[in-house]
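The first chain written gets the first letter, and so on, giving A, B, C and D; residue counts start at 1 in each chain.
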Amino acid sequence: MDIFFQQLVNGLTIGSIFALVALGYTMVYGIMKLINFAHGDLVAMSAFVGLSVYDQFLGGTTNSLVAVLTIFAATGVIIAMAGIILERVAYRPLRNAPRLSAVVSALGASLVIQNGIMLIWGPRMRFFPADILPATTWNIGGVYISFIQVVILVVSLLIMAGLIFFIDKTRVGAAIRATSIDHDASRLMGIDVNRIITLIFVIGTFLGAVGGLFIGLYYRGINFNMGWNYGLYAFVAAIIGGIGNIPGAMVGGMLLGIFKAFIAGYVSSTWADAFTFTLLIAILVVRPTGIMGERVAEKV
Amino acid sequence: MNKMVRVITAFLLFFALSGASAMASDTIKIGVQAPTTGQYANEGQGIDQGVRLIAEQINAKGGILGKQIEIFTCDDEGTAMKAAICAKDLVNKGVIGVIGSYTSTCAEAAQATYYRAGVLQTTDGTSDTLTEHGYWTFFRNSFPNSAEATYTANYFINVKKYKRIAIVTDFSSYSTGLGSSVEAEIKKLGGNIVYQGKIKAGAQNYTPVLTKIKSKHPDVIYFSGYYNEAGLLRSQQMQLGVTADFYGSNACDNPDYIKLAGKFAEGSYLINVPSPELLPYDLAINFLKDYRAKYKMDPPSIWTLLNIDGMRAFLYAIEQTGTTDTKKLAEYLHTIKDYPGITGPIQWAPDGNRTGSAHQTYEYQADGSKKIIYPVVK
Amino acid sequence: MKKSPNKKIGYTVFILAMLLFPALANPKWLAIGSTFLIFSVVGLSEDIILGKGGMFNMGHALFFGIGAYTAAIANHTFGIPILYAIPLAILIPALCGIILAGPIIHLRGDYLLVATIGFNIVFLQLVENDIFGITGGPNGIFGLDTPTFLGFDLASPTAIYYLGVAVLLLTFYVMANLDKSKAGRALHYLRLDDLAANSIGINTRGYKIFAFGLGAGIAGLAGVLLAIQYSAVSPEAFNFMQSVLFFSIVLVGGSSLPGILMGTFVMFVLPEIFRDFATWRYFIFGFAMILAMILRPEGIFPARFGKIPDYFKKG
Amino acid sequence: MNKKNNIMFEVKDLEVSYGSIKAIKGISIQVAKGEIVTILGANGAGKTTTLRTISRLHDPNAGTILFKGEDITTTPAHKIVSMGISHSPEGRRIFGILTVEENLILGSYSQKSTDKKTLNWVYDLFPRLAERKRQLAGTLSGGEQQMLAIGRALMSRPEMLLLDEPSLGLAPILVKAIFKTVKEIAHSGVTVLLVEQNAKAALKLADRAYVLEVGKLVLSGTSKELLASEKIQEAYLGKKRK
């Protein structure tokens, strides 16, 4: 039984990261009907930016809340800015172009960011120092839970709760939901759609940046090309939850994390990807709009 | 004018411009096929830098047979298809020998092309399949997986007397090849394997696999794979409270392993031929000194040195035979005995395997250094 | 499709240039030229699904790979000469295309895209795990027999090049006939408006599956050529990134014959030309992709049959 | 044209095209404060395009749009509503997965906050909406959705309301009710520019009318004049020439 709970903890940890990244996909898709293929690479970039912030300004500071908050704040701001630039350069000029052109532009942007990371930080794996956060681990009845796992879970849940409150209960949140349904009708309400899109990129990339920093802090080794992997899985999570559906992305991320953990733990690590993607296709065949239903307006 | 015609003109211009570059010149051309970018960039750059250092030193002394050495590097990015393109590219440049590649997969993908063109190839690839074709152009500068597998199985069963063994590999040909050789050898000795599974290189999250392994209560985890995954496996293993001994295979031998495993590197083990700093030979000490002087860093691992040995043997053969005819060079290389290499004496079996074995088991110390624990040094 | 005299001249010059190219090129560029031809064929087959059928297929390397692996396995495991394996290497991918497309064909745009990515990844894992012990695992299958035909060594660089030319011309022919055929017109309508096509009695589902089958079969044939060219198949040649390449070829070039050729040139040959820029190459290349789409959102040579009103193309 | 001296809104020589197709070929329209003006025409005549261009969902190729003497030809779409022009679009375009009340609140997005008085006024105009305020807008009936679309447009307290085909797809009895409410709205001081295919109902409601045919103005005048016009009777009111 302890193995079961251990896998659950493993799954929830990686699932939280998937969920954070998936939110960026789902929000951008909801508003722009665009798969932002560059999102995963921004996630990877945030880990590198975070490491540089630590090295440059906080070198040697350990176990300090201030240091960790500084890393998150500075990285969040930088990556959000990168997100804004990405939207301006690669997506806005294509807003009225055929859908697939924007997809290719997104793929191009992904190449730019990924190789940009390589040019700036080099092709080698880089390492987060082990002592930014306390290395405490608790053994609860044979289930090992580390401090960083608790941080990832709690912070992710808090952020997501905050996001749901923002989207559901505030005026701007309502404007975001309206824009994702109908750009023109939203304009008629006096909503500045461009501003909403910029805001979506800021929020989405910020969440991705948090995910990227968690990846760095948890696994420590970061690679310039790791973004694709997380991006793909997070995107699958967004689809499972129903694309455009914000709570769906969270649930989808968590479910995917747990599913992957249980497949590797109970079935076969050798076939983990095959199982994951077969499940994805099966879900799409049975419920073409994801398990929680998509929140994307029908074409009018 | 039609657009089509314009397109064609552009095509032709490009091809024509790029066509006429290969000219005969009076140098000895050596190719380097190595992953200088991508996942193994670190190792690939080490090989490239090492080869260029040697060439520079020899050229400074007037070259070989009165000719300067010219180095051509092709980046195979660690992928087989790129390696196939590299092979054709290097052959077209007119190289007589190729150093590399780092991974067995890339070496193997390029092998047939070098063989058909009569170009000598020396690689550190340890996959046993590399020597199965019996190409006369092929010279392995490391020791094959089968040798490492025999050593590993013997050490686990007869020396450490492990009772419950877990084997983890990734999906690469080197890793699965070595993993299944070790598995077969262990079974031959009557060992008990409680788990075997694959992880996806680059995936980072291996806790589900490790948790599964934990449930099997192994006393040892053996990972045949590369250093990045080894480091992550080791640190995640310890965070999950899995107390089994951890052994990495030869490709885990890289300083990045220690960085990734962090404090958990201490007490983990590695099976490989000697690392650069542990080589007792003067040649090795001098090479490391020169490398450090030129590049302000250490070679990434023993693999750089093994490849350098392959190159040195090629050059030695050219010097001794006074020819650049690869057929004659190959014949000569098969006859040499105990040629003093940086990594120890070199000789080749007819199938191109480097004979002998120098495998050792190291234990990582608290300061990140390695201590030989087997065979016991007298 | 009506051919203007200009267009005829264009195609004639292009075919002549293709035929003469080996005389000009050094071996490296001949090899790249052959791969260019092979990728063009794959691009054209992707165009049947993506461009003509309007189905967002981002897993096309799957069919390319099935073709290559079919030929390689037939040769390596069963000792069948590669050339005799060609019919199988067309049929099996075509069947796979039909079977796999069946359950997912009703999915809307982006969902179809994700499902096809999924198929591609599952395929790769099957191959990497050496399923049935015949795919050679992560290494792939090396050292395939070199086919001979009437005494010619077909794996020689020049022979493989002309083999590529022949297959490309064959594909041209198939595509030209497709445009004129009932199926081609049906695809055209259903891409414009699926619902409307359905309501005027076009069996949209049937034609979509047909497009998948045809595209997959042609891609399979191209796969055989790749296997012959390298005397090897290897999983990473058919991974998801390769599917992205074929997808981009159609969109960057545009859904037309010259478009696909241009797309293949831009997406495959240009990066080879700039190989020496190693680390900067893909960085700049990414920008070029963005720029190409901004300047020519419908590809460099967009499809030209009929005028398609803008509002059809969104969504 | 009794209120002509009090022109609040004016379109001059407007030209609009979709790609290479010219949809509006130079039309001019004037609306006085407090008026109900209707634009009539068949499908594809360019009525909706005219309204969309006024709201700046479309860029005009030529011409000017003046509102209260101010040139709004290049004002971005989202600023139009805060200037006092509100648009209830063709096809209603309500936010289906939001509740009725959320839809209404979005209508007041251009104001800094939602005015309770306005909300109650809209609920008074359309009591059905009050009953269903917690319901998802997508679950409303066609007539209710139309009410919501108009109510939403009123939430910004507009001086001028653009109404696009409010009668489309509704039963005659509902059309009557909606037009009655539009009259009420106009009485409360909101100028109305109405686009309609249902010429009879529109002419009964409006003070004046313009008739569009394939992007051109072919006729204009007071409703009375037009109702009497033979051409109108034949083309839009379904009366056979005697």
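Just so it is clear, contacts are C-beta pairs under 8 Å (C-beta built on N, C-alpha and C of every residue); 3 or more make two chains touch, one makes a residue touch a chain.
Predicted, not measured: the structure shown is a model, and the values here were computed from it.
Using C-alpha centres only, name the chain that sits farthest from chain A.
D
Give the identifier of the chain nearest to the protein's overall CA centre, each chain being represented by its own CA mean.
Most central by this criterion: A.
What whole-number Å value describes the gap between the mean CA coordinates of chain A and chain D?
43
Report, in whole Å, the distance between the mean C-alpha point of chain B and the mean C-alpha point of chain C.
35
Any idea how many Å lie between the Cα centroids of chain C and chain D?
Whole-Å distance between the two chain centres: 51.
Where in chain C do residues touch two or more of the other chains?
129, 279, 310
Tell me, which residues of chain B touch at least two other chains?
Within chain B, the residues that touch at least two other chains are 37, 198.
Write out the stretch or stretches of chain B touching chain C in their complex.
Result: residues 2-5, 7-8, 10-12, 14-16, 18-22, 36-37, 75, 79-81, 84-85, 88-89, 91-92, 104-105, 108-109, 111-112, 127, 129, 133, 171-173, 175-176, 198 of chain B touch chain C.
Considering only the defined contacts, which chain C positions touch chain B in the complex?
6-7, 9-11, 13-14, 17, 21, 24-29, 31-33, 128-129, 137-140, 142-143, 230-232, 234, 236-237, 258, 261-262, 265, 269, 273, 278-279, 301
For chain A, which residues count as touching chain C in their complex?
Residues 29, 33, 35, 89-90, 93-94, 96-105, 107-116, 118-119, 123, 232, 235-236, 239, 243, 270-271, 273-274, 277-278, 280-281, 284-285, 288-289, 299.
Residues of chain B touching chain A in their complex?
Going by the criterion above, the answer is residues 37-39, 41-42, 197-200, 202-205, 207-209, 211-212, 214-215, 228, 231-232, 235, 239-241, 256, 259-260, 262-263.
Once bound in the complex, which stretches of chain A touch chain B?
Residues 3, 6-7, 10-11, 13-14, 118, 122-125, 127, 130, 135, 137, 139, 144, 146, 215, 219-221, 223, 225-226, 229, 260-266, 268-270, 272-273.
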